[in-house]
Every structure is written in C-alpha cells, then in structure tokens.
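One chain, chain A, links the two complexes that follow: it is found with chain B in the first and with chain C in the second.
For the complex of A and B:
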C-alpha cells in the first residue's frame, strides 16, 4: 500500500513539473527574435526558395490575390484559411498566439483590433522589415490606423468610409425622400413605417462598431490614447448627440431589432423590409454578392449629416493585414503583404472582387476606378460617392487599445438599453465603467470622466 | 478514481511483499498516463495559471490568491452561478419527471409500440446541441419563427421566448427536449433489472399497478435517480453551448457572463485574462464536485437505510 501511494505522489509531482514546464515553454514561445532589415538580395533568395505561407482571413479577395502571388513566385505556396469572421477570427488568432504554435504567418486585422494584438505582443513590428519606406503609398488616414506606439503593426488593405446605401425602389414606392441630415432620417423612418408597418428604415440591435462610427461622425472623441494613458468619456458632446437622437429611433421602434449579418438581416435587405444601411464602403461588394434580389434597386448616397451643409463622415470597419510575431518566414510574408496591399496588381484584384475603397493613393485617384458604372446599383458611379466620403473622414478619432474586448461586452450594457428601450446614454455610461475597469486591470493609466 | 483504489487494494492484498506487485501497475499504466495527461495536467496547469496575472501593460507576475479573492467579490460571476442554480431548479425536476413517466409507461407493458416510443423519445439526444439550439431558436422567435407565425395567424400576442426575461425557459426547453430520452433510458434499464418474482408476489397479494409502482418500481429506481441527478447537476453547471449559440441570434438577451462557463470563455478569449479565467474554471469545478458529491452521498445513504 505504502509503496503504491508513494508512486502516486511521484506521478503527481512529475505531472506537476511537466505542467509547469509546459507553462514556461508557452511563455518563451512568444519571445523576441530580432530581425535585421533584409536587403534586396535577401528578399530575392527568400522568394526563390521553396517556402509556404499561411494566411487567415475572411475576405473573399484573399484567395485570388494569393493565386496571383503564387503565379508570380512559383516557389511560394500560399495557403488561405477562413477561420471565421470578426470575433470568431480574433478568438482563434488569440488562441494560436497563446498556444505558441499553429498561428498563421499573416492575419486579417480590422483597424480597431490592431492595438490590442500589438500591445499584447502578438504582432510583428514591420518597421524592421522595411515597411517605413511604404508610407507614401497609402492614404494618411489608412496609414495612421496601423501605427501603435511608433511601431508599424500591419499594412492597410482597405478603408471603410461610411455612406448611405438605400433601396431606391422602397423609397420611391412610398414617396419618401432620401434623407441628407439625421433629422430628415428620423422623419423618413417615421414615414416609411407609417406607409408600410413591415418596413423599417434600417436595422440596429446595438452594434459596437456602428455606434462608435456614429459617435465619431457626430464629432465625439470618447477614447483618447496617449501611450499607456487612456481617457474615456462616452458622455462627451458627440456621444450624447448620437445617443439622444438614436433613442427616438429605438424607443419608437423605428429601426428593426435585427442583428447585422444574420439570416434575417439578409432576408430583410432582399425583400425591402430593411430599406437602408449606413455602413462602410465595403458594403457595396457585400450587397452585390449577399443580396442578389436587390440588384438594380440599391443606390448609394452620402452619409446623412447633423447640420445641413456639414460634410464630415467617419469610418466603419476597414482593415489591414498583420504579421504574427511567431512567423518563421518573415521576409516572404512581408513580400506577400506588400503585394496584397500596396501593389497595383493586388489592389486591382481586391477592388474587382469585393469593391470598396482602396487604401493606396494611386488607386484612389484612378479615373477608371472612379468612373466605373456599377450594374448592381443601376449603373450609378458608386465609387465617386465612396471616394468623396473617404476624403471627408473626420480626423483624430482613436479606438481603445483593447477595443476587441470592449466590443465583446457592448451587448451587456448598451445592448440592454436597446433590449429594454431605455436611454442609450445610460447604456454608454455602464459600458464606460466596464471598459475603464478592464483597462485599469490591464495596467493602463485610465481616466474615466 | 474508484478504479485506481480497487487496483491498489488488490495489489496490496495479493502481492504485498512480492516484486511482481508492479505487474498490476503495468496494466493500469495506459489509463494512468491518459488520466494524467488529459485530466490532472490541465487541472494543475490551471492552478498554476490562477496564481499569476498577465497584463497588457506590465506582463506577467505572481499574485498568489488575488484572483480567487477577486472571484469571490465578482458580481458578474455570482450572477452566472445564481442563474445556473435557477436553471437547475426549474429544468431538472421537469426533465426527470418526464423521463420517469416515460420509463414507467414503456415498462408497463400496456403501451403498444413501445420500441417506437423508446426510440422516438431518445432520438433528440442524437441531435448535436448546436443544431438543436438553432432549430429551437428559429421556432421561438416572435418575428421570424413559429411563435411569430402563430401570432400573425391568430392575431394574438405570445411573447418571444428569446426575450431577455424568458430566455432561460427557452434554454430549459431545449435541454429537456434533448436529455429526457437519455434519462428515460437509464430509468428504463433499471426497471428491467427488477426480478419478475416481485411482480408475481405483488399480484398474488392483490396489488394494483399504482401499488406496484409505489412499492416496487420507485424504490428500485432510487440509485438511478441519484445518478441522473448528479449527471444533471454537472450538465447544468457546464451550460455553454445553448446560450452561446442563442447569443448569435439575440445578442442582447444573453450577457457575456450569462453562465460561468461563458464568462470564463469570454474572459480568456476576448479579454485575454487567461489567469482569471482559469481561476473561475477552478472554482466552478470545485463547486460542481462538492454539490454533486453531496447529492450522491445523501442519496446513497438514504438508499442503504
């Protein structure tokens, strides 16, 4: 008896040691590997060798871009895997980083997600790989999105300046003018609902990305980040302006409480019961592929403004591709990044596949792109409206360095205001306190106003 | 655990001073290796994780039991625990009651086509939780589902079971649908072990069906009752799939800390708080063990009396 008990104890201690070792190994896995800036010769020989890249992302344009890159460099094998959209994708990227293996070389990364992954040491700083020289290729707004504490944590791939996508057939049928200001928008919402009780001007069940974009356009700047200092005020002028206006739309049931990207949502967009979307420019391609029933009916107008004569817009979504710190093939990965985001070839494939707004100066000013008549939108020159919005984005907006987490708990607070049709401002305050507490706990110097 | 104990006793009794005492361990080795790798190692690793705190700014440091103290004061965590207890109190009696009634009915030999019923009740158990949740989720909605259609057709106003205050009922419904057949099978197989002589004796004594149920069948089911209750406790405490899938349909009805499991998951994978998440998981593990053990202890002691 005694001897067997002892061996059980030994087993336990062996396993314990193994577990501790495993723990410390994981900790080591993410340590720095200094990279020297490669010269042209290094790049050329790296591309000539047999190598493979793993790319994670959900954008349909990645596959054709990867195929073009493989055709150009036959020795490089690029594998593209869609592991999920948005939150699902980030969860898997986070898991892979924590596990210390299985992570891709490159991952799609919305601008709002970059700081969280960069600060938690998951992404490679591309400065060492010569990314600094590429700055002039991208629009300043796009470039600004990939910088975190002077490091470059991705290359911008597309931006999401907002516009009003609307179903012109529905508006015409009910004789409702397309709104240009938010006051007109509320009125149009009432008119549409009065004309047909099944129709709503839009859907909104409480979406963090949409709310922050709307606050941004209203002139709010609820998050101010300076290094480790984070100032949060979700009751600043712009935030209150948006929340107060939106209260009426939610409380009077003028917007459909349907979550974006759900089956119901696509259904509503197709059958005309959701009459418009104020959303990022990338929605053009998504409408075309996801809502075939609406072909010919949809149009694009500038995003409504707060005062007639205003021009300021904001961004919604849009993103970059980042390199994971653990990538063992950094030189080739960097070449693919540049091909995908900065080269005319890569950007052309992307724009043809999903539409949207390029992040590069050259493509944004390209007449052929600007004057393209989009069949789905009844021949409208959609890109001109979207490009105008891109030029009018209000500068100075910042996302939290832990926006992915903040957005994941948005439904706990602001979502409850939507659910119970209570004051959205109260929801914003509750969100602020959760987020501020998280920031403090994560070691940031948080001021919550 | 009990397996290990038995082997120890055998080894100890039979080969106390013999060198061959290792042969028993060799037979046990595959089990012990797997047990250590998939159960002990992760638990120990979780204990290790729970003693540290990793911050985005400042890295990882040893904090002792701070994470446990934080959990005991964490309103969101206890909100989830309370919700699970409420869920358990609501769902388990109904589910086990239905399972019991079904088992007795099938066993009564008065039911025609009992094989069909037995399989019919058991079939939902074979449906994956995610599929079952989506299926029910689409029926519950008042705008798009069955309830919505009923409302529209009869011009009535059944509230959506997916609204924040009713969603627990919706989840209970899904779990009852899924697990009644499984529990029925456990009850039914224990009913089959009752010797025929008891029934014959009862009949000779002039007992009717109700007396047979009360005096023979129900006492014989006590062991199965304890087992199914313990399984249900563990099941309730692990509640994750159903709310997590429903959150995709109705994000505002289900908070990120709806159940402790969801809380731990979101802490780890959205909030990058792996250390605190491990702490929550450990506390839930201990809590489940304590409650399940006391039910078993209480139940079997009554059985022995």
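For the complex of A and C:
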C-alpha cells in the first residue's frame, strides 16, 4: 500500500512541476502594476466592506483561527477548505493557478515548497502589502524561510527546529546514555541493538526532508539560488560529513528500515522498538495524539551536534501561509495573514490546537508557554528545549526552486543506497544529477558541481 | 490453491479483523487476529459521526457518481455498440479505429488536459466533472459491439423488419434481451470502475463535500501523516470495510447474469 501511494504522489508532483513550467514561461511576459502599499484607512474600509476569503490548508488550527477572525471582523467571511495534504494540495494549487480559475486567496505552504511557487509566479509578493514592517516580529530563521530573491512570499506560521525525542524508558532499561553528539549517537545505536536485537535507535529508510535537515545542521549548503541561477553541490563538506556518518548507521543495520508515518512506524514508537526520533519540534504534538502508549516515557533533548560544545541546529518541516497572486482581496487577505501568523491571538489558538513552535519572537519568549509542564513528557518543560533549538537554527539555508519534485525522486537514488546498503554519497550524486537535469529542463541556469 | 485463497482473502480478513480494533490496539496487537477489545460497533458509530458525518456524504456522492456515471456509461455503450454492430453507415471504420485508439490511452494521461478543459467550462469542483468523463466507456462500447455482432443474429432483425417492426421496437423488445448478459458485464465493469475511481475526482474536486469515498478515505489516511493531524487509521480501516460492502453486494447480485453471459457467448448457436 505504501509504495503505491508513494508512486501516485510522485506522479502528482511531476505533473505539478510540468504545469509549473508552463506557468513560469507565461510569467516572463506578465506586466503587473505595482501595488501601492495600502494605508491604515484603506485597510479599515476594506475590512468594513462585505468580503470573503478562501483559504486552502490541512492544518486543523486554521478553522478556529478563521472563526476568531470572523468574530473580530463580522463582514469578512472566511471559508476554509482542506483540499488534501502536502503533495495533493500542491498539485491542486498548481492546477488552479494554471487554469486561472478557482484558486484560493491564501494557501498553506511548507517552507520547502515556497521557492517553487514563488518562482513560477503563483504567489503574491507581500512586500507591496507592507510585510517588510513585520520582519522584527518573527524569528530570523522563520523569516528567512519566506524570502525568495528579495521578495516576501508568505508569512511564517510555524517552524520545525530539530530536537531529539527519545523514549527514556527504553534508554534506562538498557542503561544507555542519551547522546549529545553524533559520535555518541552511533555508539548508543550499537549499545541499544546489542542490549535488545529488536530495538533500534531510530528509523530511516531514506527521507528527503530528514536528509536535507541533517546536511543543513552539518553546515552543508548544497543548494544556492540566485535568481534563475541554481548551484547544486551535494558533495560539499556538510553533505559528505552527514552521509559518511550515516553510512555506518544504515550499513550496520543500526536504524530500522521503516518509513516514517507508516503504521509500522507508529507501532514501533508505541512498543519501544524505535527508541528515538531526531525530528522537527512539532513532533511533540504528534507523539501525544499518535502514540498514546508512550505517554510518560518520552522526553525531549537537544539535537545531537557534531562537535561537543556546538549549538547549531536546523529545521525540519514547518510552514507558512502564502497569498496567491490572483487573489482579488489582497488587503483583507493580508490582514488575515497577519492575524493568523503574527498576532498573539492567532498564535495562541494555533499552539493550543496543534502545539508546535511559534514563529514569532514574542510568543517564543512567553514565560507561560516556556514553563508549561507537558504531562505526556513526564512533566518536562519541553518547550524550553524546543525554543532553544529555534534560537540556534543555522541561517543561510536555501531549498531548491523545485524541491517538491526533488523530494519526490529522492527514493530512486538515495533511497537505493539505503535499500542496498551502499554508500549514501553515491546516492546523493545520483540524486544531484537527476535534479540538475530536471532544473535545466525547467529553464533554470543550473550549475552542478 | 491454498496460496490463491490466501492471496485473495487475506487482505479481506485483515480488514475485517482490524476494523474491530481501536486506534490504540491497532498498533499494539497482532495484525491478523482480534484484540481483546471488540470495538467494531463503536468504530462504525464514530465513522459516521466524525467531522460532522462527512463519511455519509462521501458514501452518497459515490452512489450518485455510480448511478449516473456507470448507469449512463452502460446505456451509451449499449446504444453505440449495438448501432456499430448492426448498422452499416459511412465512417464506421473510422469510429472503430478511434475507439481502439482511445482504449490504448491510459486515463491518467488524460487527467490534466481534461482538468484544464473542464476548468475552462467552469465545471471543475462540481459533480459534473466526475460524472461526464465517467459516461464515456470505450471498453464498454467495444465489448457490446463484439457481443452484439455475435449474439444478435442479423437474420432475426431482418425477420422483425419484414414483420413491420420499427428499429426502436426491435431494439427494446428483441435486441436488448439478447444483449442483456453483455450489458450486465459492462454495467459491472462500469460500477466497479466508477466506485473505485480515484485519480479523476482527486484532480477535479477541491471541496471535500464532493469527494467520493476513495478520495475522502485517502484524505483521512494522509491526515495521519501531517503535523497536527490526528491519526485515525481505525476509521480509515472501518470506512474501507463499509465502502466495499455495497460493491460486494452488487457483484454477487450481478454475477449470475454475468456467468450466464459468458456461457452464452461460448456456445455456437
């Protein structure tokens, strides 16, 4: 079942990107009038008029946020539609943009998808709507995620700084220390497997999001984007550092070859055979709702680092909300974006509904939030660990302008290295050549090192 | 034989067993046997109540697409196939080539162009976007064509014409009965095809209110793998079980016609 789903998803993103090509070619000839930044009076009158917004997204917190906004501005009608998650959602957004009809005003966008839609001219640049003034509200790492070629293509809604989630009961039972460096992590993986052959320190069957996050933390910067110029080097220092370390874990079968989010995965997390996850901070909420058997056993520690004393972390997942270029209600849409992502009200509703990490400086430093004792995690003040990670995210990372496609073909190259237990570096090289070729076909000026 | 039975029935058995489990016991108990709690009834109740009872809506959407889409496809295929088999008219060869050609194009390859076409006509995100393409069944047309050529003797039609019967009367009183087994076969294929149709509605529809069961259940399944999403595998499994019951019923009911149809075609008259 899993594999067929994967291939459909891959097919979808291929069509989405093919459609994107058509979009980007059209874009060259478009002549958009510069929009004047609306003043307070414009905003007020726009909010007073009868208007409606269509929002597409899959996050359960959108509905309550929309309800709160409607309560505040009774003349605005916000319709929230869940058209599908990730891959399906992007295909539909792309199809609607291509068709020129039926697109929403606002759409949920994971950070990795923003460059793709921004460069194919599907998203509105929020600079014209005054978004520049909001920069100081968000954490620098979150803000960096919505910038593409000096334009602002969304407002950050939540971030996914990485942390180590671990099942303390399993670690204690086998007398294994919780690792703080990647060297210790490999040792812990060996110790756990030696103590109980059924237990693995984590699962990994080749996951594009995880790999890029790990390369990010190792100081790699395999993708550099400057306008239409794309530089790809998946053998830079950071990439090699991660791949070499990870080779040992995969080749010695120290990680379980289970795909994340599969039913086996949930099963492994529940019965303790998957002992830890290095993953985005949002996993706290997912553990609570998806792994009830682990209540009281799980804890959160900082993401392991390469050298003792390092502090740098990276992000995994997290996303923004973007405005579609075709929105006819830009002023109101912008107000909703700000309410949802930057206001205390919007962020509070989100944190209460799905948990996770706020993207705003104020909420990240909020004592009440920081000191919340999380029952699922044995009363640990989890948010402090997560907030630390959020503040330590290494800056300067960039995703490809066709990352959605690139991730969809990850399994064909790097995934093979995992499956055959061969050098991951070879897989990365193969991935690079596939991706570079695709980028060239899309009309980007690709340099592949 | 044992292997074959296992291959066919094991997934069904798995589905039945696991639809009796709660979300928690789904992952903590052995996959191929019942867990200590039996919560099938509770699962079904939750299934129909979850998200304001959207499952029932999906069920009725699927029923609508099947009745109008598969029913219409069968009718059109029957009329068309019969006409092609029994009437000689200019351009018949071209129709034949066209239909054989369209049989060879996979539906998925047409999905995006169809989407753009329907979008221009303002039909996307409406039930028509699913029903209209389902009405066209080249395979059904081809099958009826072949079947009509074999099982409706031209001499019989000529006799009826000599007796003064008009073409419509001939069709409804004589030919349609002779065609019945073939028609049921096409109907069965169209029903199964429409019931399981996934890709077309996935592309065409944006609003979950119009989703058929396939797309809706997959959305529930995908929900388990996102940030902030609530895993509801137990509902997906129970929903799948409920979703296959009608199709099994239809299959069993139509099977007798189908079997007699196969036999009829194999005997020289």
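The criterion applied here is as follows: the second predicted complex is superposed on the first by the 413 of 449 C-alpha atoms of A that agree within 3 Å, B and C clash if a C-alpha of one lies under 4 Å from a C-alpha of the other, contacts with A are read in each partner's own complex, and residues count from 1 in each chain.
The rule is short, and it goes like this: contacts are C-beta pairs under 8 Å (C-beta built on N, C-alpha and C of every residue); 3 or more make two chains touch, one makes a residue touch a chain.
Bear in mind the structure is a predicted one, so any value in this text is a computation, not a measurement.
When the two complexes are overlaid on their common chain A, residue A:210 makes contact with neither chain B nor chain C.
In the overlay built on the shared chain, the residue A:119 is in contact with chain B alone; chain C does not reach it.
When the two structures are aligned on the shared chain, A:442 is found in touch with chain B, with no touch to chain C. In the superposed pair of complexes, A:411 makes contact with chain B only, with no contact to chain C. Touch criterion not met for A:397: it reaches neither chain B nor chain C. Shared-chain residue A:317: touches chain C; no touch with chain B. Of the two partner chains, chain B is the only one touched by A:419; chain C is not. In the overlay built on the shared chain, the residue A:98 is in contact with chain B and with chain C.
Across the superposed pair, chain B and chain C both touch chain A at residues 5, 8, 11, 15, 19, 91, 95, 98.
For chain A in complex with chain C, the residues that touch the partner chain are 5, 8, 11, 15, 19, 56, 58-61, 81-86, 88, 91-92, 95-96, 98-102, 158, 160, 260-261, 263, 266-267, 270-271, 280, 282, 285-286, 289-290, 292-293, 317, 319, 353-356. Contacts from chain C toward chain A in the complex involve residues 24, 26-28, 108, 111-112, 115-116, 119-120, 122, 124-125, 199, 202-203, 206-208, 218-219, 222-231, 233. Across the interface of their complex, chain A is touched by residues 4, 8, 11-12, 16, 21, 25, 32, 36, 40-42, 44-45, 48-49, 55-58, 60, 143-144, 163-164, 247-257, 266, 269-274 of chain B.
Those residues of chain A that touch chain B in the complex are listed here as 1, 3-5, 7-8, 11-12, 15-16, 18-20, 22-23, 27, 87, 90-91, 94-95, 98, 116, 119-120, 205-206, 228, 258-259, 262, 264, 401-402, 404-405, 408-409, 411-412, 415-416, 418-420, 438, 441-444.
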